[in-house]
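There are structures below to look over.
Next come two complexes, and both contain chain A; in the first it sits with chain B, in the second with chain C.
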Partner chain A sequence: MEIKLLKKEIDQNQLFTDFLEDRIEGNEEYFSNETVFVKELKLFPIYIAKVDGVEREEMFLEAFHVIETYYADLDREILLNGQFWRTLFLTQFRDELLIKYPQIEEEKGFNNIIMKKFDWENYVYKCILAVQYVGSNCSSEEEKLKRYKLIIDNLDLYNYIIKYEIFRNDVFLINVLDIIDEMNLSKQLKAKIKGIEGLGKDERYGRRVIYEFNKSYPIVMSPMMSKEDLKAQFIEYLSIYTDVSHLKEPVH
Partner chain B sequence: MIYKKDANFPYPVFASNVKTYLKNDFQIDLDINEDEKNFIFKFTEFEIESDFIKQLKEERKLQFILIIQSKDNWFTKIESPNDEITVPKNRLSLNNRTLIQVHIQAIESINFRNNEDLIPFYDAFKEEITVRKNGLIGYSNVLVLEGRFRKPLEIFSKRVDENLSSEIKIELGNETIELVFKDANYQFGELPKSSGLMLPYIYMGMQKALYQFIKNYGTEDSVELEYLDEPENLLDLKIFNLMRNKNVDELSIDNVDEVINQISDSMIGKYASTVREFASDGN
Partner chain C sequence: MTNINNKWAFSEIPSIEEANFDKVLERFFKMGINGLVRENIQNSLDGKLNSIKGPVKVRIETGDLERSRVPGIEEITAHINSLVGRNGYTKEAITYMQKKVLAKNIRYISFEDMNTKGLAGARNGQSNKQSDTWSAYAYSKGVHAELEESEQEKSRGGSHGVGKIASNSASDIHLSYFANCDERNDQHLGGNIQLIEHKLDDKFYRSTGYFAKVEKTSATQTRFKPYENNFDHVFNKETRGLKIIIPFLRKEYDDEVKIIVSVIESFFIGIIQEKLEVEVNSHLINAQTIQKFIEDPKYFEQEPKNIKKDFTPLYFNTYKSEPKPQKLIVSNGIKDLEFDLYFHYNAEITSGRVAIVRTVGMKIEDFKVNNNVRKPFNAILIGGREEDQYLKSLENESHTALEVDHIKDEKLKKQAKKFIRNLNKEMAEVIAKAYEDENPTDGLINTENVLFTVENRFREALESTTGTVLVNNGNKIVKSPKKKSKVKPGAGNEQPEKKGPTAKQDETKGKRRKPTKVATPQDGAQDADGEPTSAGKFVLYPESVERLILANQEIVKFNLKNDDQIRNASTCNIEIAVVDGMGREKLNEFNLDENYQTAFDLATGEMCPIENQQIKGVTIHDGEMDLKLMIKDRFNRALKFMYYVEVMK
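Entry: the complex of A and B
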């Protein structure tokens, strides 16, 4: 099917009102000349904040699955194009989204969920990168599911990795997730750092390890290192902040 | 991941913008082509001035890594600069600003006692310099692509002329293939799916333009594109670039339909799906 894309520059105030009153789809003024061809459309969770536990995991897995099945074949320039997704949210998916996310009837919710900038803080962006990165590095469904769960369980660290342009790369991400899994580091890395001078109020061990990798790049070419070498370096950086003598190779 | 700073490293780094090697030139250039699913990269230039570095590569003590940075980073090891590198289109987009660079990474720790390519400053203590395993040895220039791939529809323009004697006329303008319609309705301006239904006209326009191309630049009924000078006419140049970007080497009377298919991202396929949709709408 053919999707005509909305223009990039739109009057935001008018847009919110027109969205509520369903006056976008029929209004030619909103649309550009660009079109995109998609085989089939399906909505998935586009905002996964303020949920916990099983529900949160299910929402992420559903998003990953739908993106993988319906959208993963699209050229990347469409897949990572915020304008494409915004068009779908404001037109094709409008009705469904109003039911699933009633908070978008308020302008604050609308801006936060529908009009969110398309970068690492946007849940659709997060999920697309996850699908692509896991998909190009895993062959079996079990492997994929395992990596997906690792992303969900270590989301704060995942956010940090895709936030920094240096580390926005599939090989580095998968290696780090595997290291966390193999050495059972998830809980440690999420923990707040206490008792170290000069750090902010909400520093976590995981974020600081990535910070150290960031500092030493490219003298230490971390994304291109083998997993074993990366593991050793990871532990070394972690040891700057905490005692690591208890870390042993686990029995898998 | 692309490295552009002039920052100081704690050891000599091999790069054209760093003055620690006497022979410090490291230049790359690439040709980029594509087929339906992939981008294909091939080096047209890969010059390393330092013999020390070349020797280390022979000895497999270091490796070359090609980095492509667009919205994120994609990298791969390069065994030989003569190899072709293939990247799927769903993994990489070149429509945004794209940066390309080659990095040299140490596979094992490397001592510089035998490095004769450094500036004299290092002579006294170069044997004390060791780059650790996985350390950066050097980097090339950065290639910048400013979104060079264009969509075929930019080659077309449309207008209405009530005085036409036929319903539709296809004219080859100086810059575009013009689709001229006698009646505004014929270009399906009002129907929501207009762009898809225009495709048969676009197909006809492309045919006309390609036949003209053969007539202008070909010998007998065909043109070898590899050795053709860039056309001066703007429309011909656009078509020429489109064909070269999609790996078309030869255009002839016999293969016009094939070439249209190659350059137009399955034009007819999209048309078919638009029509099917109308049918199921019940309109």
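Entry: the complex of A and C
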């Protein structure tokens, strides 16, 4: 079906009221002349905060699966266009979303879920990148599922990686995920850093390791390193913050 | 089958298919008074009675009316009350109409024309005869009846056939009437209302209702016939011509000043050329009085430099002060079209526009000439009949702009594009010539070398600020520094960013840039009396600093020779900021205590204390400083730094 995209400049206050009163679809004022053709539409979890454990994993996997099946073929320009997704949410999925996320009846929830800026903090954006990076780099369904689960399990680190455009790279992400898996580092990387002064409030080992990569020149090299080289560097950066003597031999 | 007992006729349909109002309604509603005035006066101009010498006269009247005097109002109310909205947008519109239709006292506007033909063949009702203009006007959408004289057909205004609906969109309930008086003094009243498809008393009806009788012509066929006009005087038309009456006038349209402005803005040429005379309530606008309106600040902005939207006073002045037009020939690739151009140059004008005007005297567009929208000129372009016909094919549906998008035929579209391009080109030449005549040049200057230098510098700057990054599958990404600023600073540890040196400060390679001052003495350290001890803080550019990292120490050499303020000072404190992968500077990211064991001033051999994120008391000799720093285990050797120097008094 052909979807007419919303205009870029929209009065946000009016939009919220019109969304609640179902006055967006059919109102030409909101739409631009740009259209996107999508074979079939299906809603997936677009906001996965404040849930834990199995429920959270299921929601993410559902999102990955739906994006892979229904949307992954779209051009990257469309897929990573926040306006495209907002158009779908406001016009195609309005009724479903109101049921699934009742908090969007409040302006705060609406802004945070529907109108959220399309960057690394946005769940849809996170899921699309996960599908793009992992989906195209796995040899089997098992391997893919394993990596998807690694992302979900190491979400904090994943966020930190896709936050920096220099690390928005499939090879780098997959190497880091595999290193975490091979060395069983997940728990350590998630932990808060203790005993080092001058760091921010909520500092975690994983974030710091990625930030050391970010600071280290020449930066563009890290996505091009082989997994083994990257692993050595990874351990070295981790050693700045904690004792790594037990990591010298990979844990299996 | 249609219910034949009523004043209003809605055709029956088997089921409801279309749940929305006619889209054209909203388009005209957005154009407001302007759309309404233009459509109706244009129709009057098109209907000019050739046997009469004088101008076409249009009387526009607004006033109060009792609801009960509106013909067939109770039936309309029943239909409106039966409407059901299928989406939020139409629901809202319907609730509004249902409320408005009950108002006891309402406003109306009417447009009555004189010295015009009026519609022909009303007594025939719905008919297929081409000359029966009443039938086309009253009972069909998207059709305009062709005039029998083809010369006049070329110059007439409308052609998309949607203009009639402009009147409906001015009414709160989309209702309009038209009273006609023809050659034989036959007087009839017709009307129509634009609703949505609806169900009333178990029958489904089409969205448009007609104020007409239904007459059976055979067992299966019927036709509409108009009522003879014995209605209230507001709805009467007793002299030859047409009168449009719009009851339930929307508040937004009920504005005499705006109506007058609108009339003048669109038809000033027609009025000046005595082709048209318009009366708005008690105000008569004709060739003699128009100047008074145009020069009245109540209606128009008078200062040329403030005129940015409504250019009428400028056009008026152009037309009056340039009595002899020049010829402008614009080709569409096939044919040369010849226009009269009234051109006026005035240095006070800030927005340059060309009024494109049809022969009947109606302005189509404030044409913007490419790259010349802020040139100090004003112009009017009028063609002959042939040009009119061509322009008409380029007009959009609401006759307010020349466009090519609606042209389906590829060949014609290409020609149209060429025409608009040529029009831009020809106009640009006229403007350039006028500009040159007004501002003669003093002489010629050879700019070859200047251009070369600029281009070369740009190329070098581009090379040094962009890098190519190879990603997956050999795809390339070009990193440009502009993009960096788009990325949000992350949450958590990061400090507010400091602005580093920009490419603008870059100079020729090999030359050392001067350190830039980033803080005044008052911002820095103070002594016991509260007096500043600092003479200011400076950021050093990378070329002033050399670093050497050995096994457990780092040697840093600072060269400050090219800045007097630093060179002549004796000691300073040093701060270090890290530059991250996106080129952003982080001042507190690099913790000196955690990374350096001790710092030695190599010139004196003394140890420099590391306190408060500063290496203190480093001495300056001949504009140079040399430091040896003993590094700790956690030191990341691949970091990139920016150095800040606080010079002490």
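To be clear about the criterion, the second predicted complex is superposed on the first by the 244 of 252 C-alpha atoms of A that agree within 3 Å, B and C clash if a C-alpha of one lies under 4 Å from a C-alpha of the other, contacts with A are read in each partner's own complex, and residues count from 1 in each chain.
To be clear about the criterion, a residue touches a chain if its C-beta (ideal position, glycine included) is under 8 Å from a C-beta of that chain, and two chains touch if they have at least 3 such contacts.
Source: prediction; values computed, not measured.
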Exercise for the section: Overlay done on chain A, so just call it for chain B and chain C: clash or fit. Expected result: clash
Practice task
Report for A:37: first if it touches chain B alone, second if chain C alone, otherwise both or neither.
Solution key: first
Problem - Which superposed partner A:129 touches (first chain B, second chain C, both, neither) - result: first
Practice task
Using the superposition on chain A described above, determine whether A:212 touches chain B (first), chain C (second), both, or neither.
Solution key: second
Practice task
Tell me which partner A:231 touches in the superposition: chain B (first), chain C (second), both or neither.
Solution key: neither
Practice task
Identify the partner contact of A:169: answer first if only chain B is touched, second if only chain C is, both if each is, neither if none is.
Solution key: both
Handout entry: Which superposed partner A:72 touches (first chain B, second chain C, both, neither)
Key = first
Practice task
Return first, second, both or neither, reflecting whether A:223 touches chain B, chain C, both chains, or no partner chain.
Solution key: both
Problem - chain C region in steric overlap with chain B, selected from 291-299, 399-407 or 543-551 - result: 399-407
Problem - chain B and chain C footprints on chain A, overlapping residues - result: 165-166, 169-171, 217, 219-220, 223-224
Handout entry: Parts of chain A lying in touch with chain C, wherever the complex brings them together
Key = 18, 21-28, 119, 160, 163-166, 169-171, 196-203, 207, 211-217, 219-220, 223-224, 237, 239-241
Problem - Complex contact set, residues of chain B against chain A - result: 1, 3, 9-10, 65, 69-75, 89-93, 95-96, 103, 105, 132-136, 139, 192-193, 195-196, 270, 273-274, 277
Completion exercise
Residue set of chain A touching chain B in the complex reads 1-2, 4, 33, 35, 37, 39, 72-77, 79-80, 129, 132, 136, 162, 165-166, 168-171, 217-225, 229
Handout entry: Parts of chain C lying in touch with chain A, wherever the complex brings them together
Key = 20, 23, 26, 87-90, 92, 467, 469-472, 483, 487-488, 490, 492-494, 578-582, 588-589, 591, 593-594, 633-634, 636, 638-640
